[in-house]
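Could you have a look at this structure, given as structure tokens, before my questions?
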Amino acid sequence: MADGRSGSLNGLVDVDNGVVSREIFVSEEIYRREQERIFARAWLFVGHESQIPRPGDYLVSSMGEESVILCRDREGGLHVFLNSCRHRGMKVCRYDEGNTREFTCPYHGWSYATDGALVGVPYAKDAYGEQLDRSRWGLVEVAQMVSYKGAIWVTWDRSAPPFLEYLGGYKLYLDLLLDAWDGREGGTEVIGGIHKWLIPCNWKFPAENFSGDRYHGVSHRSVDMVGIGPSGKGRRDMQERNEARWLDVSFPELGHSMIAFLRKHDSPIAPAYQDAPAVADYFRRCEEDRKRRRGEYWRLFGGPGTVFPNTSPLARQPRTLAVWHPRGPHQTEVWRIYLVDADAPPEVKDFLRHYYIRYSGPSGLTEQDDMENWNYAHKASRGTIARRFPYNYEMGLGRATRGFEDHGLRLPGAITDVTAANASEHNQRGFYRRWRQFMDASSWSDF
Amino acid sequence: MADGRSGSLNGLVDVDNGVVSREIFVSEEIYRREQERIFARAWLFVGHESQIPRPGDYLVSSMGEESVILCRDREGGLHVFLNSCRHRGMKVCRYDEGNTREFTCPYHGWSYATDGALVGVPYAKDAYGEQLDRSRWGLVEVAQMVSYKGAIWVTWDRSAPPFLEYLGGYKLYLDLLLDAWDGREGGTEVIGGIHKWLIPCNWKFPAENFSGDRYHGVSHRSVDMVGIGPSGKGRRDMQERNEARWLDVSFPELGHSMIAFLRKHDSPIAPAYQDAPAVADYFRRCEEDRKRRRGEYWRLFGGPGTVFPNTSPLARQPRTLAVWHPRGPHQTEVWRIYLVDADAPPEVKDFLRHYYIRYSGPSGLTEQDDMENWNYAHKASRGTIARRFPYNYEMGLGRATRGFEDHGLRLPGAITDVTAANASEHNQRGFYRRWRQFMDASSWSDF
Amino acid sequence: MADGRSGSLNGLVDVDNGVVSREIFVSEEIYRREQERIFARAWLFVGHESQIPRPGDYLVSSMGEESVILCRDREGGLHVFLNSCRHRGMKVCRYDEGNTREFTCPYHGWSYATDGALVGVPYAKDAYGEQLDRSRWGLVEVAQMVSYKGAIWVTWDRSAPPFLEYLGGYKLYLDLLLDAWDGREGGTEVIGGIHKWLIPCNWKFPAENFSGDRYHGVSHRSVDMVGIGPSGKGRRDMQERNEARWLDVSFPELGHSMIAFLRKHDSPIAPAYQDAPAVADYFRRCEEDRKRRRGEYWRLFGGPGTVFPNTSPLARQPRTLAVWHPRGPHQTEVWRIYLVDADAPPEVKDFLRHYYIRYSGPSGLTEQDDMENWNYAHKASRGTIARRFPYNYEMGLGRATRGFEDHGLRLPGAITDVTAANASEHNQRGFYRRWRQFMDASSWSDF
Amino acid sequence: MSDESAELARLLLKHEIEELLYREAELLDERRYEEWLELFTEDVRYWMPMRRNVPRDELEREFTREGTDVNWFDEGKETLARRVKQILTGVHWAEEPASRICHMVCNVQVLTAPPAGPSAEIAVKSRFLIYRNRVETETDLLVGKREDLLRRVDGSWKIARRKIVLDQSVLLVKNLTFFF
Amino acid sequence: MSDESAELARLLLKHEIEELLYREAELLDERRYEEWLELFTEDVRYWMPMRRNVPRDELEREFTREGTDVNWFDEGKETLARRVKQILTGVHWAEEPASRICHMVCNVQVLTAPPAGPSAEIAVKSRFLIYRNRVETETDLLVGKREDLLRRVDGSWKIARRKIVLDQSVLLVKNLTFFF
Amino acid sequence: MSDESAELARLLLKHEIEELLYREAELLDERRYEEWLELFTEDVRYWMPMRRNVPRDELEREFTREGTDVNWFDEGKETLARRVKQILTGVHWAEEPASRICHMVCNVQVLTAPPAGPSAEIAVKSRFLIYRNRVETETDLLVGKREDLLRRVDGSWKIARRKIVLDQSVLLVKNLTFFF
């Protein structure tokens, strides 16, 4: 391909015809360009407010390849800083989380307040005299930050559009993850422990898979045979899904997407969690409350999705948020948090926790096989001949509609109804359309 | 050096003066260019028919850096496919060998028949409608394939010359490996188990060594002292060699070469295998039969050689075929198979098997030291200063002759008689002349 | 950045304003250029005469990334050769040290005398005839070599200035390491065993740290708390330091520098080594003798420093010489030798040996923390955002003076008196000024 | 009971436990997962916490909590049995083809005195090095400690509780399709 | 014989075998190869098969066959002795300079009851981790299992048969100039 | 003393020593350094030489010499105690946050017959694999041998001398902030 830094990506990504070159997954040059054009400019998820409730609390997180500090200053304000000293670059905080008044660098002792200000400089007066302008040498802070219903989003680019504009119509779908199950705004919290692990594949394999891959049932056949669902069978409780319309929702101009479901008009609440009466009761009550609060919108529920570029909500049980951090073209580090209704009863939280663990992540019976497939799909795509043959994204080409409406319920986004088709690659095409746009644009003004 | 992708290799390879730059062994750019210009265009060896006798049998092999499936379809036809799904690239077959009706991809379940046809697509009708043109999305198959006396050769390039033309006059020498010892055409088989191992050196170190390095006796001095030969002494039975003319045979315009020997006119059959009467008898009988069948050509016997680029027959005992698969500029994966006369008596096969194991590969007393030398010759050639000093290939410059004849026996190729000289680098020069040609030519029509 | 091979480094290194880009520590291109422009041209330290006292003695050492043989020929002459055979590049000597008459290559048996001459070529006459010009195929030898007070320095570049000119006024400071403690010229020796270990950071982190980093006390706070000094407290005996003027000495046009101390005019000899009377006596006697021999210059004593590019003397106890060998942009291999007065009494040598071991290297309580800081300073500087923020070298900008004089004692170099300031980055700025010069100049004539 | 015979009793017990743990490794690496399951009590707790980097004086925050936090494993026999069943389906791609796994068991410590009665529980510590190699060159190495509670059931020891302390924070392998 | 004394006999035997295997590792890593050779019977079979990736329900095809296929090792004492002799020549470049090798032996299992008579054979399993480091930074790690048949000869145990199961398919090291 | 009871005595001693060495590993990896220090006699010698690549017939030059050359370690209890104290300051950055370390101890050999008297010394060999993982993904592996001299002090064994043979020449880790 042409030099990935400057050249165009013409021919590598042709979503109109549903073909995408393997180069974009395995090329070093394209990877480096992604760091500059996507991860240094896009809005990224770094953590949840419930992870740092008190002033001075901090969580070391990641943006693209880099370590960042998410912390709450002494007035309770949120900040995200590059985790690198301005003097000689030392990683100022090597702990994962905690509470502190300052971050003191272990190399020469510069110290930074929780608002990033350079507050301590050994021998400041004697050694630097008046020379050192501390105001210019505080920790590097992100250009924009938003806390949306507890989820904290940031970008390095001051010219990036505001988060809600970046999110656009996808807000409705992200809310399916972040709102309480009974329909109240917000009200979710992270339960302790972040799953962090490495996968030997490019970050886009999981990002596109979560964006809307309904098609990889064969990957999980063994789980369907064994049964880990909340009612003891299959992977999940299927009834409410089976009674619903299946919608692949994408915002191609934004890159976001989700697998969604729409219950039939006046369909009843489907039974679920039959193994656990207390849990079944809880969810039935929540559904009723949501129905009351949301009216027709109660009918909408979600599945996996991706907020461009690398944050993937999963809006049903197990309810999680995954971030696919790039670690070189051939490796991804996953950070996975688990969300519950903050005020759900303990037995419900405990039941869901067990479900998360057996379903998700490296010890999850379901996702273990995803990792295997992403690993060897990536590996088998690196060769000279392989790179000459693009991937196929034709499924459901040209079936999407805008202005979706069902019994007076309007849904935003470009939507492909796959109730009959079972699956489409509509969402993945939207993801790569946006990816192409980011990679071609030299600045936000070009978008 | 100039950019390896486009620049010329002028000055790096000067076989006329017997100097070759170290760059071609250690440069990333040159390595990448080799993948495009050599391994994506040349004829490569992938396996032997005796490894997949029945319909549905398959063997996962390698071409250059990539995994390929060698298999026999239900009609018994041979095929070689890139081992990567056309949908998202998943490695469709992760087993080494077996028998199957189909290759089903574990990611989304596309399945391919043993002739490569895409025969199974989940939800084909519902999800793809008429869109997906299956005929365009079968497994990627090689452009040309030939089974020559059981040895299967393939190329990705449809403009490559036919195999026998590519092989040229070398056929006579390759037959020394593939024909039965008694002179019948073919009749060899692989005995079970493929030696596969990694060496930390560029693939050309072993390729040139096998092409004709008679000079590295000091490498194997310890074996000569210890004695592992079939008659208990040295590395080999030497008498027939010692009585013969030593010929370094090269086809510089093709890149192939072999160490060959020519018995004296009416020399008797030399004694060998004195440790094992049954084996000694078997080979004596074979020699007599061959003499009868081949007449004067009986006098010719072979040693190690290389079919350009990376397949090395060893035409005497231990009779083997090695393939030097590139795994980055600094690593090579060797695949080694062992050949015997299919109808040799069991005790002969068993004797030879033991000889193979103690002679060849990572557990072979002889070749262990080759690996050590290739490893550290490569490592000591990577530095900035080292790369300024070319290797020396002057040995026997200008001594080669064409139209070799001995008592009416004509031998093809450019031949250097090293009976008195003991060794030359004639064959290595031929190898690099061809290498240069491949690297400079932008397509087969430029050759 | 612009292509590291040809482009200029404008903007990456601005020592006048005390900012240096992180690129120069983490960029592959810049690293490759360093190999060509710095390590292939500068004077490098390879060993000490006391390590190879007898004819035939050899020590395998390193220059930049490459292995070299330092040896003494049969007439006692010193040589340094690239440790790679001229035939196919094999590492001719894989031992660390010893005594030999020849170096025989294990691949094909070419053998080289201890003066580098190609003296043995198997089958020379038969195989090569008159072709091989042995005089052109001896071991690759360095272009220039100097043994200065036992320390052996070499360069690959014949156009490099003579060593003493390269060293310039820094000679006075290097002597603080190489002369006996009592002021006699030379008289130091290496005590057995070379510390060799790997650090995951760019080679310039330790080189600049040793060049004059008085500022990283916090790195070693734990040692100050624990106490490992020769008098049982702190890191060192401090009194003579505390009574002295602190001088950061740099030769910006040469790149060399050292942390130095100047006792007050007629200050007495400070007590030290109170734990060990014998050692205390020895040093007191040495100080007195030096005072007598050196007069006013007795007042000068040294600390850590760096001879550009990668050799760091430490001129006080623990008295060592470190070489920071580049091993890729992200890794450094340290070689560390320990120097003592050759004729110091055994109990003194033993005391110092213990002090070395507990202070220096990977098992040294002090330097363990340096390695940690260099590791994570490097790691946290690799990212896309991090590379946009240069390091800060402003400390003490504009405070240096030339023509330093104190009670008639003149000291060469540009000197910053940091007695009051405690520290400056004067030496580091000098180091990068010279680095920039090397990297911009296409040949020595451009300097 | 004399000192020496007490010593001897402890030694015999340790031998018995080592044989159990080596047997367990044998069953796992020979892929005899159903037999392996029988080594656990019906009420077994199988727990592997995650680990955080925290200041030395706050090490109580190092581990995620059993029964409360998200862990690598925090389950009973039923879920373990489902994991086994999944591998045996032959379509659990992450273990198809089967990995080549080796459990090296070291530093076996029996922390409890030999019990008097027939039914009893003892605490045992051991360490593991798990080597996994699969397909062509894929290789993983996991090292850490185990804390087992063993219970004698019908005359033979069974594992009633296992805590696994893996010496990693970010998990360096792509999945955990094997057992500790 | 009482249960306990039977247990004790088994324990003493295991101790004896562990000492033998640790002694073997000591001889190998101290490069005392000729003494090491003496630990083997004259008719020893030393076999290390290669391994294939096959479907879980065809695992019988996983290993190459002793006495039939090409294996990594499939030999007797004479060839072993030649290997030793080669290393000792001092010109076996692959072991010159000598590698720094460590054999970690774990999971020793004695599968046979202590034999009554003076001459007898017992089956023993053990696991190895072999660490090889040589020249400057070259480092290899090999992990797997051994199945030994030990025979008592003149009152001391000797190795009459050894099967080595390396947990690799593609061999990840350049050569096998050491012993398992 | 009968053969068997002699055997038994040796076995009991070996068990005692294994418990000591496993206990030591436990204290180290649980970061209980002060308790660990108590396992050493006041006059302990703790020595870890460096290793050179030399010709096979000059192996006497392989190791740097105790008490003469520069080694990796060559010290007594006082310096060991300072190392411990340093880690516990909480500002020894190389161990802050604390590394996750696992000492796998193998091949324990007691080379001396069980001593008669109450006070006595015995020679013990063992092998170690040390796995260190810290911060995010930083991982080290060190493998080698130990030769200990143990002395019975007030009825319990203490380490009076330890020689550590690391199977590396160039040290492949950035620092040695842990113990062997």
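Labels for the chains are A, B, C, D, E and F, by order of writing; each one numbers its residues from 1.
Criterion: a contact is a pair of C-beta atoms (placed from the backbone, for glycine too) under 8 Å apart; a residue touches a chain by one contact, two chains touch by 3 or more.
This one's a predicted model, so the numbers in the text were calculated from it and none came from an experiment.
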Between chain B and chain F, the fewest touch steps amount to 2
In contact with chain A as well as chain F, sorted by label, we have C, D
So, in whole Å, the Cα centroid of chain B is separated from that of chain E by 33
Cα centroid separation, chain A vs chain E, in Å, comes to 50
In whole angstrom, the CA-centroid distance of chain C from chain E equals 47
So, in whole Å, the Cα centroid of chain D is separated from that of chain E by 27
Residue numbers in chain A touching two or more further chains are 94-95, 106, 198, 219, 369, 372-373, 376
In chain F, the residues touching two or more other chains are 8, 11, 53-55, 91, 93, 96-97, 104, 106, 129, 135, 137, 141, 169-170, 172
All chain pairs satisfying the touch rule are A-B, A-C, A-D, A-F, B-C, B-D, B-E, C-E, C-F, D-E, D-F, E-F
Per the touch rule above, chain B residues touching chain D in the complex are 94-95, 106, 198
Residue set of chain B touching chain C in the complex reads 22, 25, 205, 213, 215-219, 369, 372-373, 376-386, 389, 391-392, 394-397, 418, 420-424
In the complex, the residues of chain C that touch chain F are 94-98, 191-200, 219, 221-223, 225-228, 333, 338, 350, 353-354, 356-358, 362-363, 365, 367-369, 371-373, 375-376
The chain B residues in contact with chain A across the complex are 35-36, 39-40, 63-67, 82-91, 94, 104-109, 122-123, 126-128, 131-132, 137, 140, 156
Listed in rising order, chain E residues that touch chain D in their complex are 4, 7-8, 10-11, 14, 51, 53-57, 59, 104, 106-109, 125, 127, 129, 141, 143-145, 167-170, 172
